[in-house]
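The structure appears right after this line, and notes come after that.
Each chain gets a letter, A, B, C, D and E, in the order it is written, and its residues are counted from 1.
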Amino acid sequence: MSISEAMQSAARDVLASGQVQRVIGYETGPHGRVRPAIIDRPEEAERLVWSADCTHNLTVYLHRALTGENGRASREAVAPPARVAIVVKPCDSRAINVLLAEHQFSREQVFAIGMACEGMRQGAPASAPEATLQARCLRCRERVPVVHDVLLGEPPSALPEALPDEALAHVRDLPPAERAAFWLSQFDRCIRCYACRQACPMCNCPTCLFEQEDALWVGMRIAPSEKRTFHLGRALHLAGRCVGCNECERVCPMGIPIGLLNRHLAETVESLYGHRAGMQPVLSPVTGMLSAEESAP
Amino acid sequence: MYEPKVIGFLCTWCSYTGADSAGTSRLKTPWNLRAVRVPCSGRVAPELILRAFDQGADGVLVLGCHIGECHYDSGNHRAAKRIPLLLSILEFAGMQPERLRLDWVSASEGDRYARIVSEFVDALRPLGPNTWRINGAAPRADAAIGMPLPAASGLSGGAPCP
Amino acid sequence: MVSVGRQKNIKLLSYSEIESVSGYVGNFEVRVRRKPRYIDESKCTGCGNCASVCPIEVTNVFDLGLSTRRAVYRHSPQAVPGAYTIEKRGIAPCRNACPTDQRAQGYIALVRQGRFADAYWAIRREHPFPSVCGRVCNHRCEDACTRGSYDQPVNIMALKRFVADWAFDHRDQLPAQRAKSLTGTPFAAHPTASGKKIAIIGAGPAGLTTALDLVRLGHQTTVFDSLPVAGGMMRVGIPPHRMPVELLEWEIQQILDEGVQLRLNTWVDDIPALLDQGYHAVLIATGAHQAKKIPIRNSNHPDNWLSLNLLRRVAQGEAIDLRERSVIVMGGGNVALDTARTVVRLGARQVSMVCLEPRGEMPGFAWEVEVAEQEGIHVLPARTFKEVVVKGNRIAGLRCAEVVFRGFKRGRPDISEIPGTEHVVPGDLVIWAIGQGPDFSFLPGDGSINTCYPVGIQTNSEMMTTTPGVFCAGDVRRGQTFFVVDAIGEGHHAARCIDRYLRGEQGVREPHRPPVVELRREEIEHKVELGEAARRPRAVIRNIGVEARRLNFREVDLTLTEAEAVAEAERCLRCGICSECLECVSACERGAINHDMQPEILDLKVGTLVLATGFRDFDPRVAPELGHGRLANVLSAMEFERLINTGGPTLGKVLLANGQPPKRVAIVHCVGSRDDRYHEYCSRACCMYSLKIAQLAHEYLQAEVFEIYRDMRSFGKGYEEFYNRTRASGVHFFHGRVREVTAVDGHLRVQWEESFHNEPDQVDVDLVILATGMEPQGDTARMAKLFGLSRSRDGFFLERHPKLAPVETSSQGIFLAGACQSPKDIPDTVAQAAAAAAGALALIDQHTISLDPSIAEVEVARCLGCGQCAAACPYGAIELARGKAAVNAYLCKGCGTCAGACPNKAMSLIHFDDRQLIAELDGALAWIDAAEEVGHV
Amino acid sequence: MKTLSRENLNLWLDGLAAQHALIAPHLEAPGVFYRPVQRAQEIAWEAGRPVLSAKEFLFPPSERLLKVEKRGPDVRLEASPSAAPQVIFGLRPCDARGIRVLDTAFVDTPPIDSRYASRRENTLLVGLACRSMGASCFCTAVGLAPDDPRDMDVMFSDRGATLAVQALTPRGEALIANLPLVEELGEVEPASRREVGGLPTAEAWKESYSDARWAKHGERCLSCRLCAYVCPTCRCYDVRDEALPSPPGEAHFERLRAWDSCMREGYRLTAGGHNPRAASGSRLRNRLLCKFVYYPHQYGPAACTGCGRCLDACPVNLDLLEIGGALQEAAQ
Amino acid sequence: MSTADGADPMYPLLGRLVSSRDMGREIKLLGVKLLNGTQPRFPAYAPGQFAFLSAFGIGEAPFGLASTTERGEVLEFAVQRLGSVTTGLHELAEGDALGVRGPLGNTFPMEAFQHKNLLVLGGGIGGAPLRPVIHSVLDHRQDYGQLTILWAARHPSLLIFRDEYESWRAAPHTELHLTVDEADAAWDHHVGLMTDLVRQVAPSAANTVAITCGPPIMIYHVDKLLSELGFAPEQRYVTLEARMHCGLGKCGRCNMGELLVCRDGPVFSMAQVGNFLESYL
């Protein structure tokens, strides 16, 4: 039985047995593109697939699914599902932990179908033959989701050596002036479509701080400074929360290396506070107390 | 002669009073600092500091009570946790780290207050005005940066994502 | 203070600790732990009888160690309430270690005071056979003794023996304090008869102890024993050279005097019958009197004797002649040693002791092995017995082989024989002393009383055998010989079990064991330093010479002299402070004393709190250069105050170490204050009290007084005048910062810097008084956490605002009064206290409280309920309710940390909200030249 | 047909760049964009469809409507200056159509939007025919062609060494008036077409309003604005006053308008808190129906140019053709 | 085409606040006088139309014109403080400058209403755009039949134009009915929802036109009720509110299906609304 089939039957079972009312997984769309699938009936399970192109972080749908906020065409409220099954990769599963810590839903509401992950492919299936793993997957050492109720697939016994983060090192090594110029040129391309934010499971504020009507924090102008403020601000809000799924960077139509910001802060948080987002369901340490030794004057 | 514009977030119990005592004891402190009084250094949201730089501040100085002496038990712990992260990301984005500093001044330490502010301003002068606040479009410079940027999710040529 | 005590609206919870504080202004919940005084405040008249009989002397903290007080004490003559208090630290390790719960520290303390009779009766409380355990005990008390961790344990056994012997020697004029020895126990001198009869089989330590306890509980007890003498092993197992018979007999007689019936020479073998005869309960305490043998070749040759039989014969006075015999004693335990040493006294030509265990691992006391060798016994350890060699029909010796001994595995020795080491130990009489077990032959054949071989008779936790009403205690229960204390311990327990069996609920409860004290090394040293325990080494036991022991059973070890006993007793550290000797209980005429008092938890609901936890006097030893604690005649101001106080330890006399009154006195200012090495702040009160001291020294001691001051700070009403008067009275004032105080030929030389021009920079005096400053109480940090307060740099509690809210704290409804907020003198303290009281009353009177307007508020529409704010709030004022943050306005102190933390700025701080702060920012940065302008695409 | 040699073309373009703003496809790290260029050689010739449409040069992501200067009670308003002339070169037919579509809303339907209008009348559209259609292109389904010249002022067709040129408007004529054009025999060979089916009729779209599938699609939608911002015809905007740095004693503001999208959750949220399109499905439906039903109703033309950008851009692969196809089936 | 001042429809006319008085809790009636000078006068407007007010530095928002041209040149707007713009408008002092754009949108077909009985139902701040209707009727009393005004609000303090009730009642063939969801001590009128009041008044549909304005949910229920009472769709008019930024049919914000509230509305007959693709709810 292929992993896709295993996933399908897992989904079918939990739906049929009424354990969950909804399954969030992957399906294949037009042009062979893999995309999120949200199914409510056992017979739909056959649509589900698993491949090295399932790069989306589906946890972005969890909160909305569980509160019944999305998936309506009319204003009649629909009763939200009591429990939702979701297909998670290791990185995605860490997002679940973060969201649990932030009380976005309870563990009981989630049935995590964990996938032993061997990394996601760069680019399209069309380019399959020469397709390489995404850079983030080459850097990643985790193969088994930290959160899962079932685990599908065999975690590979031998792990390839994790690659160093060259891009990050490169930017860090630039002289400040050049770094500033580099980032400005990147931010300048931003069209403020907010796909990065919308695709991020952690960006779940009711209305983004940087898009408030009153423009208190950042204006609506498409000037580099506004865009920089948005991106840096967002990175700050993700400090200690970002699980490195890199969706923000993937969905960016303008190819802005947003992931660099998050990775940089993730490293800072880990080195300062020894915290890695999502390894356990604990809040980001950023609002916490200093440890005894830190607080020593 | 260039004079840095400095915003100082002073916690009302320690550093603000410290500034007060610096004044009452006639200590010379640079005029560059414009004080914004906050109840506690923990109140200083990183976004506020970001905002200050966007509005053209050349430097931001956050002063709170010494760790362990916070009037609010541990508010300053939070500042001590957050602000390093802000500094880190600002530096990563190309700002000189000298432009943001978090330090502790107690109500009695007028001298310390004066010293820190002078140090801070002196460190800023050689840096010149902050180029952080930009007007108009930035130079499209990424051609200049020969770094391996990830390909865009590739709208061009219809390479789909993924 | 007194008026406070009398004021009916003031509930004074003295001797109490705050355990927790929760809630908020108007609704505080304070959990108070009232430490037990062990004395009922309402009954205590403060007469002090308890203190007069209390044997425990400890340093008097109130007099700064200048005097001592008893473990039961009154804080100070003026204390309110005047009730006494017993200071306990739990029970001493010695008591805890003893199976009989013997309060060793108690009788030791009494011995220390030469109150030997009291000591005797204190011992008798738990222990009917002090003379025995004063001799043959394995004294676990000493193993546990804290002093052992310092140098050597107190020789408790010797002290017990001393008391026992002293009592025996003075038995005629011994005050009859039996009743007193029963106070604090469940027993009564003249108990009301319960009408229950109990049969006890076996007159050993277990049986007799149980019998005595039961009689004291009002039961009728009869003790049966098959032997013609009572005492069991104590009587027939311990040879006279270790345990003189007459002492034991005297102790047994006292037991019989209390009404225990004794039926000797009676072999009971039908226990069910006893129950039929109207006994309501039976106790089997027959001990373990069967010596073991192992079946080796010729082990049944008539010259194979059994140790216990020999000892029993000797104990019963039979004259046995072993001259011309050479004896091999098999075994390495205490019985073997007793046997061997007995054999020596019976004149044996040669005595060898052969045992399996190597030297050092022999079960017998090591010291006694030495003694045995001194007495000429050949100890041959680490040998296995292979056969008893018989030549003709006489035993020629014992064939042994040397072994490697690896201890016991599942009761069997784990050994391996060393090849080629076989040899014969010569001898013509073999005595087996390799252990003994109980005799079960008297048990009913139907197994209704179950034995669990090899251990003994099976009992449940209540000591009852498998037959209801039949109990079992002592060696017979354990199946092998233990120590007398264990038997007594089990005896007590059996008595309680039986009583409970007979009376059900009304029966005696098991005594509760308070926690054991563990002194830290520095505590021990401190006690020794303060002289609470003598430094001298452990008393050694003298004994009669070896030759004096030939052919007789004179006791070998000598008892301590009274002087030695007292001296040894002085080594006790009194770990538990109160030793629960219970002298006070019998001394108190109002029955106010209750040693079982438990701490009481009070949950108070109060609207406001006032902290007046005061200060701690700066410890001048921290500044060694000033010589306090190092040089004689250097006093801290407080010490001087106590001394000059007529109610003080010296009733107002101030004399030098040499007994002379001081002629020249120097008062050193700013000790610990205004000194960046110690405290930067000025303690404010010292200058003025120094002036007072100066006047006292000047007027009452007619001494010449020198004030060495940094700056005279005589602010405040009438202070400057006081200073001028003092100056005018002839007290010398020298400006200076004292560098050090040294002893120079019988004087104290005070040297200082910063002296004024043409003024001295040193003075020789014979008394130096250090004007020590104030510092925060040691537990200020804990209190701050408890009450959610902050502390200022100097460690004192932090007021809400130095100028505008000096008595309030950042926590609304909590006020500060006195030196816990900062050093201050009495008028200031009173003023602040009044202000605090007024503040508290104001709040109470309003019935409503107005909160600080600047508190956090949530814009629910923006909140995503992530809980960062709650995590950031130092006061736990934020809860998540239905996925949104909610602020408890009472707990919120308005620090705004939540607003700083909230990623979406749903949390904002009223009066410091983001809009306002940003407006400030923009204003502050508005000096950007107007030319600058934002361009556009 | 008239042709122009590549050299001359480059010379001409360099000339244009010198006089006006010249906007043309330009290669940047993440892909090709319409950008102002200084010289012909900066132009990316072989690149496919640019990441973004050219609408930003007529309808910028954000622009100032007016400037407000407050001095005490007095207020001075200042209109923004009119736009400078610009030539957009290498424009794709779909993007040209996009601009035409915007014209109908901003210019052709009164009242005229003067900001847009002033840019539009200063802009010349110089097209470059696509040789073929990209993977996700479906211009043919909306009645366009890869080489459709209709919406251009001037149209170029690349023939290798030379390019065929045709002017379609007087302004176009004027623009190429003095170009060294060469008359060549033969016709420009048409670009290779690919027929793309499945796009429902306006009626079918309208019928689909209450189709349950919208909810399903909505479940997947992330409510970002990618589709709208890459779309050549999406023209929703937001208006807001924002502070400008001002001299002491004065307060300067600008009235901004910036791109907005009906895909945004708070798009219809009123101050009273009422949001008729709180559900993602209804927003998705509104956008697509706007293209094929509402927009035509309000301004005339259908508002989809078949550029296919939204198909590629959507992070979760919401596919207009797929959705439409399904609806079409349902309609029949 | 040019961007000369005034020609740009996005370019506001400067006006001054001549009066700002409280009508209820957080509700002010703003009187605006346009600056004369280079700017053209504000064209004549008719009941139902709206205009944008600019609180400079904060933004622009649409408000129904609460005045009539006939009653003078002062433009009146009832503004309830809800968002940032309305707050900004509330904070303006008399004499302060503000911007006005309009008049915008369609109007009530007052001619068509002539000689008909009018049922005017105003809920809360929604009553503001109906005031011109009432005024025109009162000013041309003889041209219209019976005028029945049903005025509702969540709370007495939220009722608008309270000071005019007397003059309304005083007019011939005119009745005014008030209701509030929750009353206060002083309240001696009907308590309950607008629908309750309608049931109580039970207006006859004969030769009557109903004009409703208020929160969408109220419009929805009232309209249902009216149709039950026999009002044909053509007899039922509403004015709808929607978020909008231009008022010119450009910004695309205010569409309800294919219709644009700003251009095709805000006044609709239920005959039209019935054909909306998208519900106004």
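What we mean here is this: a residue touches a chain if its C-beta (ideal position, glycine included) is under 8 Å from a C-beta of that chain, and two chains touch if they have at least 3 such contacts.
From a predicted model like this one, the values you see are computed outputs, not experimental measurements.
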Contact distance in steps, from chain C to chain E: 2
Of B-C and A-C, whichever chain pair has more C-beta contact pairs: B-C
Maximum centroid distance from chain E, chain identifier (CA atoms): C
Centroid-based (C-alpha) most distant chain relative to chain B: C
Chain centre separation in whole Å, for chain E relative to chain D (CA means): 37
Averaged-CA centre spacing for the pair chain D and chain C, given as whole angstrom: 89
Distance from the mean Cα position of chain B to that of chain A, given in whole angstrom: 30
Geometric centre distance via CA averages, chain E-chain A, whole Å: 47
Touching two or more other chains - residues of chain C: 872, 897, 901, 905, 914, 918, 922, 927-928, 932-934, 936-937
Multi-chain contact sites of chain E, meaning residues that touch two or more partners: 83, 279, 281
Two or more partner chains touched - positions in chain A: 31, 33-34, 75, 207, 209, 213-214, 217, 221-223, 250-251, 253-255, 286-288
Parts of chain E lying in touch with chain D, wherever the complex brings them together: 1-3, 5, 7-12, 14, 54-61, 82-83, 85-86, 95-97, 99, 215-216, 241-243, 245-246, 248-253, 255-258, 260, 263, 277-281
Contact set on chain A toward chain C in their complex: 101-104, 204-209, 214, 216-217, 221-223, 237, 283-284, 286-288
Residue ranges of chain D in contact with chain C within the complex: 56, 60-64, 80, 243-248, 250, 254
Complex contact set, residues of chain A against chain B: 31, 33-34, 53, 55, 120-127, 135, 166-167, 170-172, 174, 176-188, 209, 217-218, 223-225, 228-229, 232-233, 235-236, 239, 249-255, 257, 259-261, 264-265, 268-269, 272-273, 285-290, 294-295, 297
Interfacial residue positions of chain C with respect to chain D in the complex: 922, 926-930, 932-934, 936-937
